[in-house]
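Heads up, the next two complexes both have subunit A, just with different partners, subunit B and then subunit C.
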Partner chain A sequence: MPRLLLAWAAFAVIMLLLPQVVSPGTLRIIIFANFLAIFAMSWDFISGKTGYISFGHPFLIGIGAYTSAILSYRFGVPVSLSIPLAVLATMIGGTLFFLPALRIKGTYFALVTLAFMELMYQLVQVIRPDLTGGTRGISGIKTILSGAVPNFYLSFGLMFAIALALWLLSRTRIGTALDAISMNEEAVSGSGLNTTRLKLFAFMVSALVAGLGGAFYAHYLGSIAPRALFDINFVFTIIVSALIGGSSTVIGPIIGAYFMTFLLEYLRPVLPGSERYLVYGLIALVLYVYQPKGIMELLRKLGVRAGGGRTGRAGNV
Partner chain B sequence: MSSLLVLDNVVKRFGGIVATNGLSFHVDRGESLALIGPNGAGKTTIFSLIMGEHRQNSGTIKLNGEEISNLPTHKRIQKGVARTYQVPRPFSEMDVAGNIRVGMMPDNLWQMITRGADPDGELAIARSVGFRDADLSRKPSELSMGDLRKLELARTLATRPEVMLLDEVFAGLTVGEIEQISHLLAEKRKQGLTYIIVSHDLRALEPLVDRAVAMTFGKAIAEGSFSDVMDDEAVRSAYLGQ
Partner chain C sequence: MLQVLIQGFLLSGLYALIAVGFTLIFSVGRVLNLAYGAYLMIGGYAYFYMVQTLGMPKLPGFLFAIGMGALAGVLMYRILVKRLKGDQVAVEISTLILAVVIQAGIVLVFNDSSKILHPIVDGVWRIGSTTITNNILVAMVASWFILGGLLLFVKKTHVGRAMQAVSMDAKGARISGINTDRVNMMTWAISGALGAVAGVFFASYTQLNPSMWVAPLIIAVAVVIVGGIGSIVGTLIVAHIIGFMEIITTTFIAAELRGVFTMLLIIGVLVIRPQGLFGRGDL
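Moving on, here comes the complex of A and B:
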């Protein structure tokens, strides 16, 4: 435990010193990576841990983003109030998202969550476009800070706090119980545990994180574009981040998000169109076939080899 | 002596098939009962009904005098009944200690977060089913069938049941492993554990039980001491088809 905490601290120090060495352009990429990491961690807390695969995470992120944007842009609610309200709204939305999980799992659940996202996309265009901005979305949303460096600190601080909280949470017995659900849900209820309540808890935590991320993201960008938000490519970017990083860990989705962001960014000059997604799909596929547990596991094995073959246990990271 | 678990006139139909046909039996505290019968007699269905994995069409199931038929599975376990499965169902990515940990958890989110695991308790349960200390960090994929049965027993015991339902605990085991598990059950019996056991291995069963209920086609056809039940005409013809 102390060694792992030290690793967290080292990670934080390196990141905090980063603005001294890299350009504002790179910082902006990292800001996006931080937000992607938040979304991937949120996704992983439902899907990586309990095994209920969500294809509709933008539904949750969208509730967070829209609620805070509408409250602050249309009604002049201060951001310090609109963000908590947005998180609350996302958690209420998360309960809706949870309902199908009572009855279905596997592919069926994934498809229903995809339907949630599509539904949300249609709804924001049809219902009260005067509030949501319809197809064009909202622009001119109040930003919290301006400039790459302050926004980098903000996004990193948020991401880091969420990561640390989720990491500590997953080290408790509730983390063990949620992991157990993905392995054998019947045996968890056969151990006298209320799996419905455990799953609801996971969904609420995931919604809280998605809501926070969505709201802060809207206030960072200053705009919401529904077509980019409720987009299957966005869903896949989130899922692939978590998977190639290392699902059911906390560090994994962060590594995955950074990897994905830089990959997409560096491919941009070479492949400006959506062919980029083909390349990342390929990389994800190869990595996933080679090491289903993701980059996290590759690093761990590398660490073990470097440590002279010591079977160091990475613990629940 | 008051009965710990009482089934009264329990009927369960799956479509047109009557799996349990007005079955009644009881088990007293501290008693061990064998449920015997040919394949398809409905033994495992009885366990599923007691655990709430299936709901009976009619009849009552009482634990400590309290009707439990309307409770979900996890509540029934909290009331003191637990089962093992014919095919062990461990948490595949967790080591032995982790598997036991899940069994020991309180059904309370707050306590799950604020209170840590109890390694000593996990070790005690693991030892009580015959694991060595080094086994605690082994994964189910590294365990033999006999050890998987032990793990199944350990995880079930971790819920602190008053009555345990043991489903085919000897299936797929070597002679040596059967001996080991038998010894373990005899030990638990001496300590006062109440259990209902289903097995095809009648020879292994006999020394482990106080009483037997024989059933076929979802009905009890004989009840009494193990040897009396085995000598029963109806039981013999059900088994041998005479």
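Moving on, here comes the complex of A and C:
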């Protein structure tokens, strides 16, 4: 435990010193990676931990982003109030998301979540376009801070706080119980635990994180549009980040988000055209098929080989 | 009223054609092929390339599209799905990634502007005050023939029966001497070919663009969920429910709401009756 805490602290210090060495352009990339990491952690808390795969996570992120954007842009609500309200709205949306999980699992659950996302995509454009901005979305949303450096600190602080909270949570008995649900739900309920309440808890935590991320993201970008938000390519990026990094860990989705974001950026000079996305997707596919447990597992294996290493829960950082 | 009826049947026919290949894989392989929409895209673009870029006649273009679809299906099975050994979640996620990869590949070859496909069959037909293009009429008739043919194939031929057996119990089928691997591969090839055919008609109904795979995938998912697995007749019925629902919504309520009721239907059916309206009931 102390060693791990030290690692977290070291990570924070390195990141906080980063603006001194890298250019604002790179910082903007890292800001995006931070947000992606938040979304991936949120996805992973439902799907990685409990095994209920969500293909519609933008549904939750979108509720957070739209609620805060509408409140602050249309009604002039200050950001300090609109973001908590957005998180609350997302958690209510999360309850809706949770209802199907009471009856169905696996493939069917994944499909319902996909339907949720599509439903949201269409509703946002039709219901009250005077509020949501219809197909074009909303632009000119109040930004919290301006400039790359302050936004970097904000996004990193948010990401780090969420990561630390989720990590501490995963070390409690509840975290262990949630992990167990993905392995054998019947056994967990057989040990006298209320799986419904555990699952609801996981969904609420995930929705909270998604809502926070979504709301801050909207206020960072300054604009939101339904096509960019409720998009299957967005789902792809979130899921792949979590999986490539290492599912059902906390640090995994962060690594994955940074990896995927920088992969796309580093391919830019080599492959300037549209073939970049082809290579990017192929790398993701090969990595996933070759090691579904992600980079964390690769690192752990490497560590075991190099030093005999610590075993046990080393993978669960 | 007549117009609603005609348009409903036309759209439903197209939807049935889109969904049937997806149903087949879902029933036999028990996996969700999220790259199914990519077959439609491959079919549409292959036809476009042969007929409108190379200027070949329509029939070889059509056959080429079917061939490419079947090839895509076989490759997907051999390279990806077989390796993942029926791990459903892994197959879903890797086919989703694959769909995005294929989309990027299409952008690379054909760039990302939309393309208009000339109608496969020219001309229009007037019934009373409504005109319908022969193109979509042919799509509807073709879809009925294909569904009928598929039903006969699955019920009457040896290979079709083997497919049914694998879909019910793969282990049992293997014990009875069925080469499940080959049956699976053929199913993937047929599914790919059906997807490609649907893609050519779908593209001529709307247009070709690199993100055209999402809408048909959603339709296929809707039809399969509501219809339930393992039922070709169920596919046909539900395609009509969804097709008519969309046309009625478009005509009487608002065109923008057409997809909303489909999504509500999916969510409702999955929550209330997860095995679908006509399914076999095993989850």
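To be clear about the criterion, the second predicted complex is superposed on the first by the 298 of 317 C-alpha atoms of A that agree within 3 Å, B and C clash if a C-alpha of one lies under 4 Å from a C-alpha of the other, contacts with A are read in each partner's own complex, and residues count from 1 in each chain.
By definition in this document, a contact is a pair of C-beta atoms (placed from the backbone, for glycine too) under 8 Å apart; a residue touches a chain by one contact, two chains touch by 3 or more.
Since this is a predicted model, take the numbers as computed values, not measurements.
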Superposed partners subunit B and subunit C on subunit A - clash or fit: fit
Contacts of A:Leu278 with subunit B and subunit C, given as first, second, both or neither: second
First, second, both or neither for A:Ser23, with subunit B first and subunit C second: neither
Most subunit A residues touched (candidates subunit B, subunit C): C
Which superposed partner A:Val240 touches (first subunit B, second subunit C, both, neither): second
Touching partner for A:Thr107 - first (subunit B), second (subunit C), both, neither: second
Where the C-alpha centre of subunit A sits as vertex, the angle toward subunit B and subunit C in the overlay (nearest 10 degrees): 80
Where subunit B and subunit C come nearest after superposition, their Cα distance in Å: 13
Touching both subunit B and subunit C, residues of subunit A: none
Residues of subunit C that touch subunit A when the two form their complex: 32, 80, 83-84, 88-90, 92-94, 96-101, 104-105, 107-108, 111-112, 214, 218, 221-222, 225, 254, 256-257, 259-260, 263-264, 266-267, 270-271, 274, 283
Subunit A-touching residues of subunit B, taken from the complex the two chains share: 51, 53, 72-74, 77-78, 82-83, 89-94, 98, 101-103, 105, 107, 109, 112-117, 155, 158-159
Touching residues on subunit A, where the partner in the complex is subunit B: 169, 172-174, 176-177, 179-180, 183-184, 186-195, 197-198, 201
Subunit C-touching residues of subunit A, taken from the complex the two chains share: 51, 53, 55, 99-100, 103-104, 106-108, 110-112, 114-116, 118-119, 122-123, 125-126, 232-233, 235-236, 239-240, 243, 273-275, 277-278, 280-282, 284-285, 288-289, 292
